[in-house]
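Order as written gives the chain letters A, B, C and D; numbering starts at 1 within each chain.
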């Protein structure tokens, strides 16, 4: 399969969403914190290209600002996962077969063993619901994912002769991990990051849906969806628009990940030429 | 019987074969030689109709007059395995790891509807016996991973000959195997041809192998057949300059400077290392596997010491211990009088005195770094010297590369050039000892000759010492003064290379020597 | 092997102990009190204290932990604070829904994904493959609660083929039980099937590039035969890994789907127990889930060995 | 023949089925008047009528009540219900180990005596004209000593329905009690099905899985049901005063001007329209509008942004920042968003925190760590909470306490009415809390079902009169 169309479609989709989210930092059509009950449930048109919601807020603005929280949550969660998971994975691979490896991997298994949503609910019960806690909950579950991917890829690199050469040059494990291992698994990690990013957006939606994510008045796609679900019969637009936003963004990120994987995989690259 | 006429092939638009014409008769063995990448495997795959995606094939290809190129895939399926059999280059991966060997052999019979399942099983057992895997010792219920490389190659042969094909193609059937196993496989193939009268296309880049087996020889270069004729005649006459170059390269002997006087540089005493054994059965645990078992030897300054032995005898394990990469479990290694210990315990002073060149010229470089950075890696220990750049240029020149190459990436070099860069890296911090672990095995004959020359030259100029590990006796003969013969973790014979290789004392050395194919020198 | 089994068992029980401490500690720091929750806005503090005593909530942390942990070890899960029935009974009731649901969804997703993955791999790069891959991308991108709502709307509200949710209980018969679980299982299975089909396809494509496939072709097998007889089994390892993860997810992660279909499943039990601060239920159920996941991982390991003889020794 | 079984939808599952322990409204919604009965009971219109006591009388000062029990009443286990059981039940509820959530109902009791098997005499410490009203609560039902301990899981009462079984997390089933003392109910079997998700509730109604949903959780979908001839929508009143509670202890909220400013900043109708889709009655004080003694005081806190700003400026609170804690119900979550936006318009910034009930109880109710919160007080006639200085919003003004003391002793209807009106006025003028609206009871039912309560004087689904029309 040629990598190009996937990459372009994915890039355009996720780029648009990112751009809209970025734009919302400086400008939105209407203030999303100002309610206007009299203007509620207006159909699309006029000053509101996508209409208004049940509290009279502009849907387009809500979606733009909502993108921001969805993206922020997913992004920071991926950041946490990578920030902790990658070093752990590198360490485990560097000490392969040793006690460190064993401890890191068992801890990973343990995190994996906890049902993610339950832990998210528990964290929320302890710390109260907020976007920050959603980030924490999603982030924690990204750690073992990145640790595993990193360790797996790093282990195969550790068998290569250039690592031997670096050892012969007197370099320590940490240095070798940073200098030789990490750059060579970066592709894989980038691809994994796009996947986790899209999963993060879905997870944020799920958490917000059960009331654990971003808190009002900050709009978030998941919460918009949750609040609109019972209005799907009277004003289906309210539930369909945020749902569509989630689907398109996740789709875009997945396509981007797929495209990147193909574009970055030397075997596939050669075949495509 | 099989006839190739003006066969042309391009892969994704890039020409790979160009006007290849060949012919093989019944009971005939045709050797196809040529350096790496010359198109030998593609010729074989073209005959089988198993070319990779993006291939475009032109010309004529006939089996007993039947035009193979006009057949549909379904029709080809009926011919493959029945009339055409093939053994692939890499025995370690050619078998399905999750299927029993007996079933894999039997499948050939079942697919072609030649036997019921039960009959096929019995036939498979007979076939395996025939290729030297008697059911008492190697039951057909084994899985591939329970066999050695040579044994797997035999399974592949059994698979390929199950229906007595008219033509058997063997693509480098022995490159991955050590000399003794190689000899057994070649004998087996020769026997089969004599017995069944099939034709055999034997592909290899090793002229010595061909000279011992093939009736006729075709030499291939850049997708073209440059010379063809009776094997002995072609090798003797060497009409085409390329053939001449190939033969010369495989018999190449660099000049060897004498070692320097003085105390030994490296001393190894009673070195021992074992690996924990696999579990066998439910509760029993086998005794640990002794990979290196009480090895002692020394290397003088300026000396090149060979280490030979078949695959798995412990050579690499020993090399890693010498380099201080893996710990020993017993004995001692001293370099310049100081004890070598693995891990961080090794002082920088000592670490600097050694370096190594490994087998795989691609895998030994980080693909993301430029040559200058790759070569400069050993500077890590003492910090980068002020004249680092000059020294990088000098090292590149020393191995016959252009200093301008310093900004290129490793994938932009050929295998031989890469191996030179590896040597440059090993040299740059001016070590006293370089360990060469199968440093030339992956290279084709011509490049190999260049590298051997370079190593000899560097030794003469800088007074380096080498520990030269190889399972290729001809290489060891041409570039070492002294040689150690290793078998199952022990040194069984030691002495001057000429003496040991001409007049072996130990039975194992004798077996190794007699198994090694030799290319006869023309008078 | 015995030693291997023993060390494995030891690490397993250490994991469980670590998990039990983690859970207990987490629950200790949750603000909120089951007694206060149960007694509501008008209760006097003494009444709350009386209920706390009655529920056994006033002992020291350690005493309560040991009490609970030793109970778990002997199979005694304690008594629910709010429901006042043994936790084991509650869990058994819920498992009777969650376990069949997870198995049903898993079976559905496997039954869809494996053939689809196989089909797409065999037509790699062609239109059918591209179409299937696009569909799987979409399947992954659609949030499953959204999809579930849609299913209810179409099949329960509009067509009225099935009820909108709820579970009649197995005593109502196998047929009605399965019928009630069908929509939820479909809602759970489709996204999983999309993931699984992708994994299956890429694993197959990976194995199709292996040398032994070429060997098989050299024997005279057609492309399809080689795919079925040689590639399929070799591609199963990554598929098994994903299946293992999915089962664990389905068992506890179906909360949202259980909500949409108001099924009395394990996920909702935990959710409700957390809101009502029925902490002993939370603790015990989470422990049970951790145990189940560890068990599934172990079973998946066994399955690996069944598929791949190279993994049998060790 | 018309069907004789019904399935009712409920949002919350009761934690247990013992109404004498625990405050869960869901418990009463299943068992009140169906399984358990008290001496008196609430009629659908909220008046107190005879229950297990066929009649009662009181002395002049309203300190001694004599209840005459009905004859031939049996518990579901077959044992007779007699005066001893009443004594046991009331003593149990007020005892030191009692876990009764409304223990205050029994505070005034001095002693209880079984005069004969069918007569019970209750002596009160203080005069209390409202004692029969208190005995009508679900928390005051009569249980038998042998079965009281297991009421949580296997309730045994005297009502027209017997407990059949409980599939935890899913439903509770009741069956007709053939030995009921009163008129036999039309229904042979009733199932209470628990559906927390509003969307699922809608689907279940539409798909016919549920016959009635007396407290339907998604008011936004009611027009759909109204338009559909298969259904009828029942809109009634509840005892739920929904308020924006203010922490009167905490500066600057202890100042009446700031509270008044907050009150003027809020547009009740916006909250009702936005959060409840128009269902709900605006209130200006803590009192149910359908009560005859209700005084409409909404004028005291009319929506007036200018006034709100002026009051804030006067109080020197021009950049006030407050926290708004919201429990889970949608009136609070949706209403909270609107309240926050309206306060912002008046120059008060609010930070919303969503809390679970358990957290709300701990943080807001117990530790009083809050500025503002939205909650509905669903107990009937609960203005008395303003007399408790330790109550979470912390009012307890001495004048008000005195008023309530007078009320307790008053038996004359006129006097009671006058006191209640004064109390309403006092808390409204002090702007103790912002009184938003009276929660409506919005129910949906199959159009052929008759006899469901329209209003909710207490939280109950009384099934005695429910029947399918032919």
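One rule holds for everything that comes next: a residue touches a chain if its C-beta (ideal position, glycine included) is under 8 Å from a C-beta of that chain, and two chains touch if they have at least 3 such contacts.
Quantities reported herein were computed from a predicted structural model and do not represent experimental measurements.
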Check: Comparing B-C against A-C, which pair counts more contacting C-beta pairs?
Finding: A-C
Notebook entry, point to check: How many angstrom between the C-alpha centroids of chain C and chain A?
Noted result: 22
Check: Could you state the distance in Å from the CA-based centre of chain B to that of chain C?
Finding: 49
Check: In whole angstrom, what separates the CA-based centres of chain B and chain D?
Finding: 87
Check: Cα centroid separation between chain C and chain D, in whole Å?
Finding: 39
Item checked: Multi-chain contact sites of chain C, meaning residues that touch two or more partners -> 31-32, 149, 153, 259, 274
Item checked: Residues of chain A whose C-beta touches two or more other chains -> 125, 229, 232
Notebook entry, point to check: Taking each residue of chain D in turn, which ones touch at least two of the other chains?
Noted result: 199, 328, 356, 358-359
Notebook entry, point to check: According to the definition of touch, which chains form touching pairs?
Noted result: A-B, A-C, A-D, B-C, C-D
Checklist line | Contact set on chain D toward chain A in their complex | finding: 198-199, 202, 218, 220-221, 223-224, 267, 270, 273-274, 328, 333-334, 336-338, 340-342, 344-345, 352-356, 358-359
Check: Can you list the chain A residues touching chain C in their complex?
Finding: 1, 106, 109-110, 112-118, 121-122, 125-126, 198, 202, 205-206, 209-210, 225, 229, 232, 239, 243, 246-248, 250-251, 254-255, 258
Checklist line | Residues of chain B touching chain A in the complex | finding: 12, 53-54, 323, 325, 344, 346, 348, 351-352, 354-356, 358-360, 363-368, 377-381, 422, 425
Check: What does chain A use to touch chain D in their complex?
Finding: 33-35, 37, 40, 54-56, 125, 128-130, 211, 215-217, 227, 229-234
Item checked: Residues of chain C defined as touching chain A within the complex -> 11, 14-15, 18-19, 22, 26-27, 29-32, 124-125, 129-130, 133, 137-138, 140-143, 145-146, 149, 153, 245, 248-249, 251-253, 255-256, 259, 267, 270-271, 274, 282, 286, 289-290, 293-294, 297
